[in-house]
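The following pair of complexes shares a single chain, subunit A, combined with subunit B in the former and subunit C in the latter.
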Partner chain A sequence: MLMAEVGYFSIVLALVLSLYGIIAFLMAIRTKNQALLGSAKGAILAVAFLSTVASLILIFFLMSGDYSIKYVYEYTSRDLPGFYRFSAWWAGNSGSLLLWLFLLSWYTVVVAYSRKGKLMAPYASGILLFNSAFFLFVLAFLTNPFERVSGWYPGAIVSAGAGMNPMLQNPGMVFHPVTTYLGYVGFAIPFAYGMTALITKNAGDEWIRITRRWTIVAWLFLSLGNLFGAQWAYMELGWGGYWGWDPVENASLLPWLTGTAFLHSVMIQERKDMLKVWNVVLVTITYVLTLFGTFLVRSGILTSVHAFGSNELGRYFLVFTVFMLAVGIILIVTRSAFLTQGRSFEAFLSKESSFLLNNLVLVGLAFAVFLGTIFPIISEAVQGVKVSVGAPFFNIVSAPLGLALFILMGICPLIAWRKATSKSLLDNFLVPIVLTAVAILDIFLLGIRKPYALAGYGIAVFCISTILREIIQGTWVRQRITGESFLKALFILLIRNRRRHGGYIIHLGMVLMLIAITGSHTYNLDLTKTVKIGETFEIGSYILNYSHLSQRDLGNSRQAVYASLSVYDRHSGRLLGVVEPQKVFYPTSDQPSTEVGLRTTLKEDLYTVLADWQKDGSATFKIFVNPLVAWLWIGGYVLIFGTIFALWPVRGSQSGAHYLRRQDVIEDEVEGVV
Partner chain B sequence: MRQKNLKVTAGILIIVAAVFYLIVAGFSTANAAYYLKVGEAINGSVDPGKYYRIEGKIDVTTATFDGKSNPVVLKFQIYDENSPDKRLTVIYNDVKPDNFQEATGAVVEGKFNQDGTFHVDNLNLKCPSKYEQADQAQQEGAVTKFLRSLGLKR
Partner chain C sequence: MKRLGLVPVIIVLFALLFSPITAHGSETWETRPIPLDVESGVICVLDGCMMNLAACETLAAQKLRGIIREKMFKEGLDKEQTYAYLAEVYGDKVLAAPPKRGFNWVAWLGPIVVTIGGGAFIYLGLEKWVGSSLREEEVAPLDPEDAHRLDEELKKYL
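Moving on, here comes the complex of A and B:
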């Protein structure tokens, strides 16, 4: 069968069609020729169709195990379960680029055929198509996913594959790349519309309203991508942590930070007609950072645990990134005069200015992380000496800025739009501040003395209490006006303004994460110990008894050596359970791979690693006690729920701008009453 | 009006200043690691107070792990690819990471002991088979190589 050739030629054909589509869009816009416009849209559909064909063929090869295809040979093996065979689609370089193209091309179809913003869609589609063309170029000429192990059809027959890296055989690694790509690709759309607003000199907030949902979806996926990545690192790498400030981790954190800033600042433009230039700048930075992240991962320019490794590809990504950045800068510089501000700040104590400060902190944090990440590159280019900064640098910078962000998050719901008076401030903040003080005193008396733990916990309580206060007050006002029961009033209040309350739910999720991060970074314990069978040892509030070392078959030709540790409570002596850290031997790898033994409670994780063992049965363990880590994942689920809540369509109305504005005015007034 | 904008500007300036202060503080307090080759490390021109990041190939055959001592000790030698006889002894108070045996190279971070051994608190392994079959071994100088390929550096 010539299927590999069909796959490759569908990529080449899609490249040709995408170039045609770009030209057709340009001409259709210039000549206002509807037929040509239709043809250009057809090209977009065809590109999406062809990228789907290519993807399906690759998936077929992976699932059926045709090892004569190099990609299949490198990333799968005979005994790989079907689940991971499918995920091999994004395990390697060319496959993951194909996934990216697949997502991007269908996003573009939705943009091109959407009924919203008819005048802007052709420009935005053209910009997105240009992105697709770049990926198609890379797939066609630099890293062909359909390359055979040897030559063209029929090629050599290969009977077995080299196998997927054991570290990628984990559910976290199945979801992490897909969600990250969905996030990365998603930010291309607000960027394309932002550029369209500049090209067409459209000073309104149309582009922001059209892309609001796109932005939120992209942000959700990027959040999930980071979260799944952290979870994977925690479960699979066996060093007891979930975030190591690795360049590649930073690469996906950077667009998340600027994207979060963008998500907030567009609200100011929608409501107050302000910060217009800032918004196009932010969306450009965010989009360019997604490309930059890809460049970092693919170029091998920085040492990282999850780098791919091709310099060739990195060069083209750098050129593309710089080109798109240049286009963005030129458009912003030449067209920003059209983006006149509707209003300016009316008061320092206002929601607008607290949003602005939130933006500055987020962007400042992103800048610091960016600088730390590329510091080896800068120092080598400037001085010829490569100098790197590690986790301590990032912690020093991010802890205070992160806490400042949370303080702003807590303050923001209680400050009115336009102008807040000091009396209203005092009324609003009295209860939260008292609660915060009580909470800090409470844990202080329990023996918590570390400043960051006290600050982190206090700020978390402050945020939760301001959010709850806002919701409860709103419910009371509603009850007074309508005479409904408390629960009914609460329910209706929440679903009436889903965007606002979804936002608060997301904030609650973030606060839970803050609690987890504070706990796991201030009161974590670790211990490395070699013990004989039957021996007991202590860590934190646990007593561990090493009872035996055995071997078992995990299926799919995988063998595991595991140690059994009985966990007892130190105070009561009660048996809490058994953890079994293990080393798994994969048929395709000479080295065993660590599987941690984990006992999770809401209070803390007991995290155990079997590091080494001797013939006499004695074994070396690494044991960690990580407080409150479970709240990181719980916070993540709350965040997902909040985002979906905010996105859930409003019945009847398409939540048009006018409706929204009027609703906000009413709420501002309600706020004033409160 | 003017005064209000002034306050907003002041707020902006304070945050910008705080970010810069934190970056500077971060650079000066955190261990900035200087990159070094094994050859340079052995020639002795090292500062015992400084933090270094050294890259080399691991000689797996000389690696020993002592799990009985407290803390545990992993000892191994690293060398430059082009001068395999010059070796640096690395001491790491932790367990062998996964993939240690098949690692092509290591990036270690730490300080020098008086006896010339290198005491590290960070061990990163490089495994060519990890994600890509391609050669990933030349991290050191990758930037230089990269810039050269663009014609920006000789």
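Moving on, here comes the complex of A and C:
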């Protein structure tokens, strides 16, 4: 039992050391005292070590099932498989904040001991340590993960544990929070360096170069988090969709949108020494949005299937979020004069201005999502009426902006830096525009007439053709210069500039996702049907035969009621397979969880849900035919692959003024040749 | 421990035995399925779960579905009339999107106004940066000597 005290003491001691570290950093910077700087860095290492000790102790309690610990009692039970016992670390408030602290403290260690940007690292480390101190304060005084169950605990058997929410017992929910937190925490680092650049009046792009990998890694994990979250929602919530525009889902989308804008706009600063103030603004917004997301999840201010509400905790998070935002704004306002632009825009039509438009749309989209998410609170405050803002609102508001973003995604790669001429525009866009027109006509003749479908598929073809044109054109130029074979020239072209081509792969993944979103939103079918055993019914190109309703033991005290549906092709009558939607009953929950029966192909998903059943064996099913959903996951993983491709630490992924200047010259000249 | 493991078995048996028996063959307004697009526009407000009705399986959701069925299939209201009825009884929060009236226009038009405003800001900024002389300069084609020199230069980096 002493271990709980050791765990709590680790948190308190880490808090004290983090406060010491912050003061030591401030004094070391002021007095240029290297010994004190070393001591401050030691404090960072100690905080990371202590957060690891606290985490390991909590994991030990979770795995061993010590239900005298309140957190273990609330989120696990004896029947819970080990996999989910471990994931209970982030299933609740205090555990997930401890995970956050654990990640943040080790990220801070990497920053503090990094050999890059030695002058900036102490400031950035101090800012990150301040973040850690906040989380430590919350864990020490507001939501202690080692708090004991004391006395009588209502409605539960202490020896067994209340158990984890059945909806969280899904592999998607194991990986989704960790990847999302890695993304959230990761964005604290570019923010810390951005603030450092302002504090130290460093007008160069050093902070951008130091944090480029951090930013991409954070973005990679946030993308993965959103992807896992969508997969979880699709398989676990049983409503046929993958994105419900729930406030907590929006909370992780918001920093992803602004982070994406930041990733693009830093390229302008790196290459053209422009948009310096805007980049600091963007990174501040992104970081603050990660805190805002945490505030949303913790405060319970908005109702969500994912939230763990606690008003008191929410209040502290709000204060911290507002404080960090205020610090960011003050620094930006007072120091922005130092961030003078190296160059200026030379033409309306240029890659630089297309990136500006890309930023505008991404930030506009983020604003739409943000406004929609908090509008219930605004409405209640202003007019005393609480309204709901759900999927119908977000779909209407975000669809045009989303399509505009994809158009820009197609345009940006083919516009020259500095200045595009009408001739180069015609040369570059003629083939993609013709291909797009042909594709739209083709799709129209195939019977697809809905405007959003035509627009979505047309834009997808446009984007793909511009990406392919760019790669093929580059390969031809390389072939002409080096005399290599096409395949060799293509391969070397791709790996020699991983950053650029990784970006194209990411765009390709996004386009595949656009195709999936367009298909699944415009040509989806749904049917709710009550049928008797042996009865058949039809949906889309399928005939379904309900053969039986049964019960099975899933182990770990879980019981499932499942229905067996034989799926036949409507035209040939061929048996395609059997799907078994089920409801799973847990000993620790009144509500069963939904497990969908899914038959997935590249063309469409047949998505079945067992909604209800009757005494005579008849059952009610919700059936969805969701076109092209598989491409959403494929596109998502292509995006992840593209990000890793761009990050891979070999020649071609490097950045830096020297390399970029060379690249800049080469690319401008190549564009001239092309 | 074993007793606890029996709990789901009992729940399943209970669910299998005592769930309501539905008359088949003759679909009534009480059993007729609600179109998904109608459910998607409604929030389950009865028990405060506030999930979209299409994704909600609680008892409160079943009750709300019953009300919608009564209005749509028994009384013959269309989708919009049903929504208007629900909003009158439960308030605007029962609707998944704020009605387009009064202060709610801030939510509907805010993103458009901000994006267009941002676009205008960028346009003005660009105009300032680029200056008033926007004549397009034709890029002269490289002469063969320069093209050869460029090729040689490029090879250093390939």
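Everything that follows uses one rule, which is that the second predicted complex is superposed on the first by the 659 of 674 C-alpha atoms of A that agree within 3 Å, B and C clash if a C-alpha of one lies under 4 Å from a C-alpha of the other, contacts with A are read in each partner's own complex, and residues count from 1 in each chain.
By our rule, contacts are C-beta pairs under 8 Å (C-beta built on N, C-alpha and C of every residue); 3 or more make two chains touch, one makes a residue touch a chain.
Values in this document were obtained by computation on a predicted structure and should not be read as measured data.
A.B. asks: Put subunit B and subunit C onto subunit A via the superposition and say whether they clash or fit.
C.D. replies: With subunit A as the common anchor, subunit B and subunit C collide in the superposed model.
A.B. asks: In the overlay, answer first, second, both or neither for which of subunit B and subunit C A:501 touches.
C.D. replies: Touch status of A:501: no partner.
A.B. asks: After lining up the shared chain so the two structures overlap, which partner does A:360 touch, if you call subunit B first and subunit C second: first, second, both or neither?
C.D. replies: both
A.B. asks: After the superposition on A, what does A:381 contact: first (subunit B), second (subunit C), both or neither?
C.D. replies: first
A.B. asks: For A:160, select first, second, both or neither according to whether it touches subunit B, subunit C, the two together, or no partner.
C.D. replies: It touches subunit C, and subunit B stays clear.
A.B. asks: By the touch definition at the top of the document, which applies to A:401: first (subunit B), second (subunit C), both, or neither?
C.D. replies: Both partners, subunit B and subunit C.
A.B. asks: A:148 in the overlay: touching subunit B, subunit C, both, or neither? Say first, second, both or neither.
C.D. replies: neither
A.B. asks: For A:93, using the defined touch cut-off, is the partner it touches subunit B, subunit C, both, or neither? Pick first, second, both or neither.
C.D. replies: first
A.B. asks: Once chain A of both complexes is superposed, is A:526 in touch with subunit B (first), subunit C (second), both, or neither?
C.D. replies: A:526: touches subunit C, not subunit B.
A.B. asks: Which holds for A:315: it touches subunit B only (first), subunit C only (second), both, or neither?
C.D. replies: After superposition on chain A, A:315 lies in contact with subunit B alone.
A.B. asks: Where on subunit A do the contacts from subunit B and from subunit C line up?
C.D. replies: 238, 303, 305, 344-348, 353, 356-357, 360-361, 364-365, 367-368, 371-372, 376, 385-390, 392-393, 396-397, 401, 528-530, 591-592, 594, 611-612, 614, 618
A.B. asks: Can you check the complex and tell me which residues of subunit B touch subunit A?
C.D. replies: Spelled out, the residues of subunit B in touch with subunit A are 1, 4-5, 7-8, 11-12, 15-16, 18-19, 22-23, 25-27, 29-35, 53, 65, 67-68, 70-72, 93-96, 98-102, 107, 109, 122, 124, 126, 128-136, 139-140, 142-147, 149-150.
A.B. asks: Show which residues of subunit A lie in contact with subunit B when the two form their complex.
C.D. replies: Contact set of subunit A toward subunit B: 74, 91-93, 162, 165, 167, 238, 299-301, 303, 305-311, 314-315, 344-348, 353, 356-357, 360-361, 364-365, 367-368, 371-372, 376-377, 380-381, 385-390, 392-394, 396-397, 400-401, 404, 528-530, 589-594, 609, 611-612, 614, 618, 620, 622.
A.B. asks: Under the definition above, what is the set of subunit A residues touching subunit C in their complex?
C.D. replies: Answer in residue numbers: 78-79, 157, 160, 237-241, 244, 303, 305, 344-348, 353, 356-357, 360-361, 363-365, 367-368, 371-372, 375-376, 378-379, 382-383, 385-393, 396-397, 401, 419, 421-424, 478, 481-482, 492, 496, 526-530, 532, 551, 557-559, 561, 585-587, 591-592, 594, 611-616, 618, 662-663, 666, 669-670, 672-673.
A.B. asks: Subunit A touches which residues of subunit C in the complex?
C.D. replies: Interface residues on the subunit C side: 1, 4-5, 7-9, 11-12, 15-22, 24, 27, 31, 33-36, 40-41, 43, 45, 48-52, 54-55, 57-58, 91-99, 102-104, 106-108, 110-111, 114-115, 118-119, 122, 126, 129-130, 134, 136-139, 142, 147, 150-151, 153-155, 157-158.
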